[in-house]
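What follows is a pair of complexes built around chain A, which joins chain B in one and chain C in the other.
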Partner chain A sequence: MDTFDTPIHPFRRAWKSRSFLIGACLATLILLAGLVSLFWTPYAIDNLNVADRLQPASWSHLLGTDQYGRDILSMLMVGARTSIIVALIAVGIGLLFGVPLGLIAATRRGLVEEVVMRVNDLIFAFPAILSAILITALLGPGAVNAVIAIGIFNIPVFARVARGGALALAGRDFLLAARLSGKSGLRITLEHILPNIANLLIVQATIQLSLGILAEAGLSYLGLGPQPPLASWGRMLNESQTMMAFAPQLALYPGLAIVISVLGFNLLGDGLRDLLDPKLRRRIR
Partner chain B sequence: MIVPVPVRDPQADGLPMFSYGVLRLLGLTLTLLAASIVVFVVLEVLPGDPAQVMLGINAQPDTLEALRAELGLNAPALTRYLEWVTGMFRGDFGISYTYDVPVAELLAERAWVSLPLAVIALTLSTALAFPIGIMAARFRGRALDTGIMGLTQIGIAIPNFWFAILLVYVFAIVLRLVPSGGFPGWDAGFFTALQALILPAIALALPQAAILARVMRSALIDVMSEDYIRTARAKGLSARVTLWRHGVRNALIPVLTILGLQFSFLIAGTVIIENVFYLPGLGRLIFQAITQRDLMTVKSGVMVLVALVVAITFIVDLAYAAVDPRLRRGR
Partner chain C sequence: MNTHKTLRAFTKLAIGTALAMGLAGATLSAAQTKTDVSLGIVLEPPHLDPTAGAAAAIDEVTYANVFEGLTRIGPNGEVLPALAKSWEISEDGLTYTFRLQDDVRFHDGTDFNAEDVKFSLDRARSADSTNAQKPLFEAIESVEVVAPDTVQVVLSRPVGGFLFNLGWGDAVIVAPESADSNKTQPVGTGPFAFDRWVKGQEISLKRFEDYWGEPAALEAAQFKIIADPNAAFAAMMSGDVDAFPNFPAPETLMQFETDPRFTVSVGSTEGETILAMNNANGPLANALVRQAISHAINKQALIEGAMFGRGTPIGSHFAPHHPAYTDLTGTYPFDPDKAKELLAEAGFADGFTATLKLPPPQYARRGGELIRSDLQKVGIELEIVPLEWAQWLTEVFREKNYDFTIVSHTEPMDIGIYARDDYYFNYDNPEFKELISALNAETDKEKRYDLMRQAQEMITADAVNVFLFQLGKTGVWNAELEGLWENAPIQANDITKVHWKN
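Right after this comes the complex of A and B.
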């Protein structure tokens, strides 16, 4: 297993971890594309230009155009922004609600813990994709509802990680010392437990980010994600399907963009796990 | 002489199998009950009047009222909830608003597409993942292992519906080997029907196989570092026999748990895949019912899927506990 026995400077370790390096590069690429799209894209994506439809790749359109004459590279850049924002806020919802719930369950124990964990199990019993479809379809398609639908399923994940991490710390000397020095339960949780489980949470957040990107793509593929004029990779794939026979490249690029971002954040999560806690065994998803 | 009495530590040994099963069954029932309340309340609270959707926006108020009465929408929520739940115990899942046939009939008919699809996909993914995972574990740390692990990372990152679209392009549009979508029904002949399910099953299986191969690899690596493996080698078993008889067999325990999870995941995953291939399965039925506000079909359909997921988890837990008594402790 990739343990680092002698203490090496974290930067040197990061340099040596292949997953971390590749993951960081891919994730940066996607983040940059999304960031740049806020200020500049090669073409405006709400600019329908039927005369330029289905252009092959050329110097004026690096990846060609779609059936409405929109520049594909520009669409992909805006799509990167859409999916990262949706996934990021969904992770934020999970952290915001899940972590406190998990910590309360771990520190209070007893009935409170039982209730929190049973509600967790209940959410896990619902197939996540199906419920997200149910929520977005009934609330109406759109970016905000997609965020809510994906975010709800992040809550039990973070609650579980936070509780597990906090329980593993229970009874450690530094917690007893803090209690002896007269700190309240809340202060101990915030000042001593939370910083010690931050690593776990960061790693889980990267993984949920990549799952969120996949979920957003799935929802928009079904037409339930962010609506036009916002571009989204999933809807680009959906629209490409009718053009399959004439323009298969339309189906290629958005899919590759999804793979690159999901792969990037997964590898980043794996790398971070090794870097932040060498003792922790590699887990799969 | 004092004979040491073997002390049964209830914490370590756990409950007897029967009590454990009864306890878990009780938990399962409670979960299902809670789930039914959630599904009912969510559909109750969210906007959308089925009578309005069925009749269109130009419907007369009295026609609307008559239809609401016919559908039983005017009864108090609690009455409707109890009717729905007790009905499901009797096999009565309500009447579909759009198709005007019993929902149970619809679900049963569509299950004949989704369940075979999920089973084929699971078989494919297992058949792929086991040898790959075992190979990676055997050649751990070498180029082959690194290559396989890299490929599985990519496999996990590929959305199954994109993979499905690519498969359609290559095998249906370019090579014209299989139909690009639709389902002729099992009446059209076993192999004709099977053909329509092959591409969807492959699309579902690939990402699952990537995850499963990684689980198989790490489980096997864990097991192979156990003392009993060294003992097996020390008593003269060959490396191959040790790997298969003691390694793989013990590694299967955690792998089976993941397999159970994956089956439920596959059933949910069919929602998107069935839409790519226009397959008349459970997922597509529920998806269309949602968009058409056919709430009775949505309610009962979702409950059936949840029940399937919960039941599979239960069976896997039981099998797991039967093998390993330490797990009967409860959580």
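Right after this comes the complex of A and C.
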């Protein structure tokens, strides 16, 4: 019985959480691919060479070449970078605007909370991908507009998480103590509430990252995402669709890349929640 | 007893067979009674008045189906009688007397007569006309109504291809009562009347029962707007569209060719596909730069990469199947080093940056990526801007707000556009204008051909645009469907003779 009460060291728990491990591996793979592509790709992806097109996998082109003779591995690496950058900045937008809004709502309560949260509900009620299409259709296709479109839908998500976390802390002794010691509301929020909801935000950010990658792929598939010469998994999928009959690998690879990254970040998020959630701390096996 | 049983079994069998056959017969006749057709088109027309717009999509819906002219162009480019059943040309080639068809009605029930012809031609050539092909009517001096069924057109100078010109979609006959509303409610004399238009989706036509000529076999037709090659492929495979006269995904044709449900037709078009350059804009105003760009683009790779081989290289703005065609494809061979030299000579050794605005068709979107890569190798950085069709027509074609664009000019014999003032190329060469005036005035065939050759050479020497390739016409349709055109001598999807096989 005693062993159940002894908190297990986070590292050991990490080793024991299968979803965290698998998620971390897959996510690292995608992150590494994107990072490496900043400095090096096997071939330049903006150098089209039709003479080399549709080559099967070989030692010179590990995954073969596409319809314009571009190296598919290089395309996938740059695609990883595109996805991650778009999703990361979109998560950043969500954190930057959503968290303060949620905290304001939680600390101010009353009318402010009502207004903030109802506006959030309004945005949240829209299917995210539909509104992202609307926004990019209005602003024009492109990486920046895709970031904005996806980012806007991260705002209510983080606002809700931040507000919920902050409300759960309300009335705790350490907050009362801080208030008695004369700290202002803002300082209490920044010094005591924020660090205590950080784990919730990290988990949510990881999950939003995977949704952002999916959204970016969706927008690119519709031609509303980053434009050529930038590589994007969604556009690769779209362009390869009519070539399925004779070059199925063109659709297979970007499809797999999307699956791996979404699965990876989702599992990572799940695993992190298990690790960081104090209530679950003793239940991990 | 036994025989009785056998007999009963036989009867049952007979009834069963009869039923089965009857059912089969019923389904067969159901297939036979299909009396409409749905056609896929890539671009949505901006409106439906062929006398007021340059977009080929207008004619691809209305030509010969809804609107008719005095003459019309047949499937092989021949001039055929239409609303004019016959004509006489005076000795000097200046006076054309047209005898009109009898008992012709417009779709709104009003009568067609010589007054409508006069109205239409005068309207097209008037000073404030919005006709996109005004030069077709330039030589007309007067149009006189001789009798209700006779019209006389007098020209100021002989025009070699005048009867062909009258067969263009831009020269169709409209009624004064409906001319102003044709953009949304087209009213013509053709065998099909406009039914409805669901914006962004489809335009439907229905058979006009009071048609003067041979009635159409089809009762109705839908033109479905499908720009996306994936969607086009899916629509064709699922039978959602019966025909796609200009199929946008050449890489899938192999699949259709091996599928007995479909007919694949490979023909020619009048579509010179060009990388158009704004000749008045920055570095592109310099002929050396334009020549450098012509050298920098690998056209053969472009045809392979963007069209999967379905295209013929061209060296000027002229269709290779025309008798006056002169092969200028060797003028600017693919040579990036030469391109760099020319750029350096023009003072752009470090290249420059520009935009490449692309309309929706695949030849443009795919070609754009390849051209961007080719030009990057000589130091020119292009930013690709994909545009919707309506945006392209406004921004590029009308406002000339662009550096580069890719588009296919599918009008027949349209080298004259290079002589136009205020055309979107912004090419202004008085010598070329003179040449085209001379060509318009010339009636001798050999001399005309000679002038056409000179015209081709002149725009190629000036490298006005990069002449990429002649668009192939690759159509896919249901194998049971007959009567669609194999070639596209003029912008049209003529469905007046289309019918389902028995």
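Keep in mind that, in the parts below, the second predicted complex is superposed on the first by the 273 of 285 C-alpha atoms of A that agree within 3 Å, B and C clash if a C-alpha of one lies under 4 Å from a C-alpha of the other, contacts with A are read in each partner's own complex, and residues count from 1 in each chain.
Throughout what follows, contacts are C-beta pairs under 8 Å (C-beta built on N, C-alpha and C of every residue); 3 or more make two chains touch, one makes a residue touch a chain.
A quick note: this is a predicted structure, and the numbers were derived from the prediction, not measured.
S.K.: For A:228 in the superposed arrangement: first (chain B), second (chain C), both or neither?
M.R.: Second partner only, chain C.
S.K.: Regarding the shared-chain residue A:139, is it in contact with chain B (first), chain C (second), both, or neither?
M.R.: first
S.K.: With the two structures laid over each other on chain A, which partner does A:218 touch: chain B (first), chain C (second), both, or neither?
M.R.: Touch status of A:218: first partner only.
S.K.: Of chain B and chain C, which one touches more of chain A's residues?
M.R.: Of chain B and chain C, the partner in contact with more residues of chain A is B.
S.K.: Based on the superposed arrangement, let me know which partner A:241 touches: chain B (first), chain C (second), both, or neither?
M.R.: Touch status of A:241: both partners.
S.K.: Have a look at where A:266 lands relative to chain B and chain C in the superposition and call it first, second, both or neither.
M.R.: A:266: touches chain B, not chain C.
S.K.: Who does A:210 touch here: chain B (first), chain C (second), both, or neither?
M.R.: Once the two structures are laid over each other on A, A:210 reaches chain B alone.
S.K.: Identify the partner contact of A:50: answer first if only chain B is touched, second if only chain C is, both if each is, neither if none is.
M.R.: second
S.K.: Answer with first, second, both or neither: which of chain B and chain C does A:258 touch in the superposed model?
M.R.: First partner only, chain B.
S.K.: For chain A, what residues appear in both contact lists, the one with chain B and the one with chain C?
M.R.: Touching chain B in the first complex and chain C in the second, residues 241, 245 of chain A appear in both lists.
S.K.: Sort out for me which residues of chain A touch chain C in the complex.
M.R.: Contact set of chain A toward chain C: 46-51, 53, 67-69, 141, 223, 227-229, 238, 241-243, 245-246.
S.K.: Which residues of chain B touch chain A in the complex?
M.R.: Contacts found on chain B: 31, 34-35, 38, 42-43, 46-48, 153-154, 156-159, 161-162, 165-166, 168-169, 173, 211, 214-215, 218, 264-265, 267-269, 271-272, 275-276, 283, 286-287, 290-291, 298, 302, 305-306, 309-310, 313, 331.
S.K.: What does chain C use to touch chain A in their complex?
M.R.: Against chain A, chain C makes touches at 229-230, 233, 249, 251-252, 254-255, 298, 301-302, 304-305, 368-370, 372-374, 376-377, 384-386.
S.K.: Write out the stretch or stretches of chain A touching chain B in their complex.
M.R.: 117, 121-122, 125-131, 133-135, 137-139, 210, 214, 217-218, 221-222, 237, 240-241, 244-245, 248, 251-252, 254-255, 258-260, 262-263, 266-267, 282-285
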